[in-house]
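Report on the following structure.
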Amino acid sequence: MSQEESLRLGQVPAIEGTGQAEVGSPAWSATPSFRARVAWDRWCAVFFRGTLGLVHLLALGLLLGLLWKSFPLLGQLSFGELFFSTAWHPLKGQYGFLAFIVGTLGVTLIAMGIAAPLSLLAAIYLSEYAGKRTRSVAIPFIQLLAGIPSVLFGLWGMLALVPGVRLLGTALGFRTTGYCLLSGGLVLSLMVCPIVISVAWEILQRVPMAAREAALSLGLTRWETTRHVLLKLARRGLVVSLVLGCSRALGETMAVLMVVGNVARLPESLFSPVYPLPSLIANNYGEVMSIPRFDSALMLAALILMCVVTAFNLGARALLQQLERGWRS
Amino acid sequence: MPLIQIRNLNVYYQKQQALREVSVDIPDRAITAVIGPSGCGKTTLLKSINRLTDLGEGIQVKGEILIDGANVLAPSADLLLLRKKIGFLSQRPFPLPMSIRDNLTFAPRVHGMRPRDIVEQIRQMETHWPMVGPGMVNRPLPGRRSYREAGLLLTEYYLRLAALWDEVKDRLDSPAQGLSVGQQQRLSLARALAVNPEAVLADEPTSALDPTSSSIIEKQLKLLRGRFTFVVVTHILRQAKRLADYVLFLYLGELVEHGPAAEVFTHPRDPRTRAYLSGEIN
Amino acid sequence: MRRRKITERIVQGLMVLSLGALGLCFLSLLLLVVFRGLHGLTPAMLLETPKGGFYLGKEGGIANAIVGSLLLSIGATLLSLAVGLPLAFALQREYSSARMRAATRLMLDVLWGTPSIVFGAFGFVIMQLVGLRTSLLAGTLTLALVILPIMVRTMEEVLRMIPPDFKETVWSLGLTRTEAFLRVLSRQALPGFLMAILLAFGRGIGDAASILFTAGYTDNLPSSLLDPVASLPLSIFFQISTPIAEVQDRGYASALVLLVLVILVQVVAFGLNRRFSRHLIR
């Protein structure tokens, strides 16, 4: 049998080339302690493998649980009433998700629109231009920032961003409190940057040095090299970094909740309040028991979120796998 | 005044010294072979000349390298001009992620060469150093404004110089990554020549290639040496003997001996050179 | 030539600006929390629980939230570890087939990307199903779900990075795979494991969305697993949301506590990793 198989069955791998007998042959004495060790190994393996099953159970349970809980509502209202209507009146039994979907997409788009160019430029700088000292400071700092809790970003948003946006909005002629789509997008873009920068940087590092040598030795500037050679080679990986940032933006709850206004209406401008899906769920769990079908509605919101984010993540994963295959060849 | 003059070159990788007090003039329009055991600084010497050492971390380069009399190791040196004048062929060819034609026309375009410059460049080349054949010069040349035709002319000319034209002439727009290693290396040669350098540095250009491709590259180098200066690093003694007009022997970071190939190979002065040539040191 | 250099300079400037803008925003976040929170940070804040009217300006502190967050996070980390560590082993080649591994990694990726609010909603569903009320137990379980994928991903990477020759040496000693992993290879993986645990812990302290519905909120310290429990993020949120200035000030102080905790955990995590990595085989 192959070495892998014999390993999996908990047996000690036979020592090749020494002429020693394989496990199980009469010349090999299976002492009681040896049998005990093998048995212990087998039990551990069963336990370990059990956790694999647990993961599958969890993932499927999550999906099915949300689906099951949303069913009542899905059965009652039509697709159009649910996803294309902005009429959100739980007491009257109207659950139109459009405003929330638009809110979620709006905040995410603004966040990515700002974060993408800034983060990519920063990542290129760190990879191609920055000296060792800058990098040794910047990269741990960025990793630290990725771990800062959402509430703190929300706090900063409330204190530093919202007043500024209010000023900007009134200066431009809009009536706004500052708690609006733009604020949400700005706070979110800040939260998304660390993850995009760190993934993009790693991807750029993996482009072989030979590419840079080949381009630079032709007399190209660093930027020309980056633009025409490196970015082309790293394109898929950079897309992955953006997709990952996007999925983080879609699911972010607390920070956005604190600055975005939470009004279930389609936004008329950047300075109108919006109500993204995560905020909807977070704000209303208290009402869940008192209004019929409300819990279904919230679970449906969670389900929509999960489906979209999962689609993004699996897409990123597929892209990454293609990349890895490309590098190995 | 020779094109490339090296004066008191010292290179350090972190704390280790890779090159020690190297001083030499590289003869123009000839093939200079840099020989020596592996790890003795041959590649470092090459990369110092066109300052590819800037890419590495913790590499310190001290001394002077004069190209056309100007020290390129000075912080104010014009790197773009330097790298246009001195081309580079690496051990493993790396095609730019574009079509074959774009691989060749990209750098000239970036350097701002206009169609008439390209036409003039090729005409000059063929008139004074005919290498491709009268067909290229005598045919009707493109008008002054046509970028596309100038690009095609450039592509054809330099691919012929690299002995690659016949193999790829019907797929110029296909990605360069699809070529075999030997073809990619010839493409790299054509690409390096297309910006009209004075010299080309080649770091073990045939070590990754099969024997047939290797001999094609060697043949082209010998053909081109009348027009360009070549500095070729090689660890294959027989290749050095085939190609070299001038020889540099590097051992443990020191330039032990240098001189015309005939002299160094038949009457080496230093015992270390003798030991290397006879195969004692590897 | 001049234009290219100008472009290069402009682009470099833009890059530095981007990095600078981001750095500035983050710095302003840190400074904001520190400066507005520092003077509100009294021992009473840290050691007392909110008395009646705390949210209206009366005395008390956030001990309930600090203790609550620590309990939730420690509990979730331990729970996650109990499942995650065996899981990381199970994902190694020696324990499962390639197909099982690929399928499980897919599921883990799905879980890894799921927003914590979705976990919170799911936790709520389970709570209703089982008849559990908002409690320390429910919050811990939900939080464990959130940090499990993060922990496993890091641990699995650590195990995968063990050099294969090291593994071969261990096999040739005649150990069973469990003995090999638990007794020998774990030492190699230990720093990485510690870092994974600490990072997961840090993530757990700051997460609010998952415990919003499941842990509830209370002004008291929990006396049993079935009591609702306060948490720092929520405490901050509630204090900031009041219009009263003193309460808001205390909110910033609470934010400072959270910030310090999170940064401390991360610094310790990276520090431990580096310190223990000295004895690793590379």
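Note that the chains are named A, B and C in the order they appear, and that numbering of residues resets to 1 at the start of each chain.
Convention: a contact is a pair of C-beta atoms (placed from the backbone, for glycine too) under 8 Å apart; a residue touches a chain by one contact, two chains touch by 3 or more.
All values derive from a computational prediction rather than experimental measurement.
Remark: the per-chain Cα centre closest to the mean position of all protein Cα atoms belongs to A.
Interface comparison, A-C against A-B: more C-beta pairs in contact at A-C.
One finds 54 Å separating the Cα centroids of chain B and chain C. In this assembly, the C-alpha centroid of chain A lies 15 Å from the C-alpha centroid of chain C. Centre-to-centre, using mean CA coordinates, chain A is 47 Å away from chain B. Along chain C, residues 4-5 each make contact with two or more other chains.
In chain B, the positions touching at least two other chains are 80-81, 110-111. In chain A, the residues that touch at least two other chains are 221, 224.
Across the complex, chain A meets chain B through its residues 132, 208-221, 224, 228-229, 232-233.
Within the complex formed with chain B, the residues of chain C that make contact are 1, 4-5.
Within the complex, the chain A residues that touch chain C are 4, 7-8, 10-13, 15, 37-38, 40-41, 44-45, 47-52, 54-56, 58-62, 65-66, 69, 117-119, 121-122, 124-126, 129, 138, 140-141, 143-145, 147-156, 158-160, 190, 193, 197, 221-224, 247, 250-254, 258, 278, 281-282, 285, 288, 298-299, 302, 305-306, 309-310, 312-314, 317.
The part of chain B that touches chain A in the complex is made up of residues 50, 52, 55, 57-58, 79-84, 87-88, 90, 92, 94-98, 106-107, 110-111, 188, 191-192, 195.
Only residues 80-81, 110-112 of chain B touch chain C when the two sit together in their complex.
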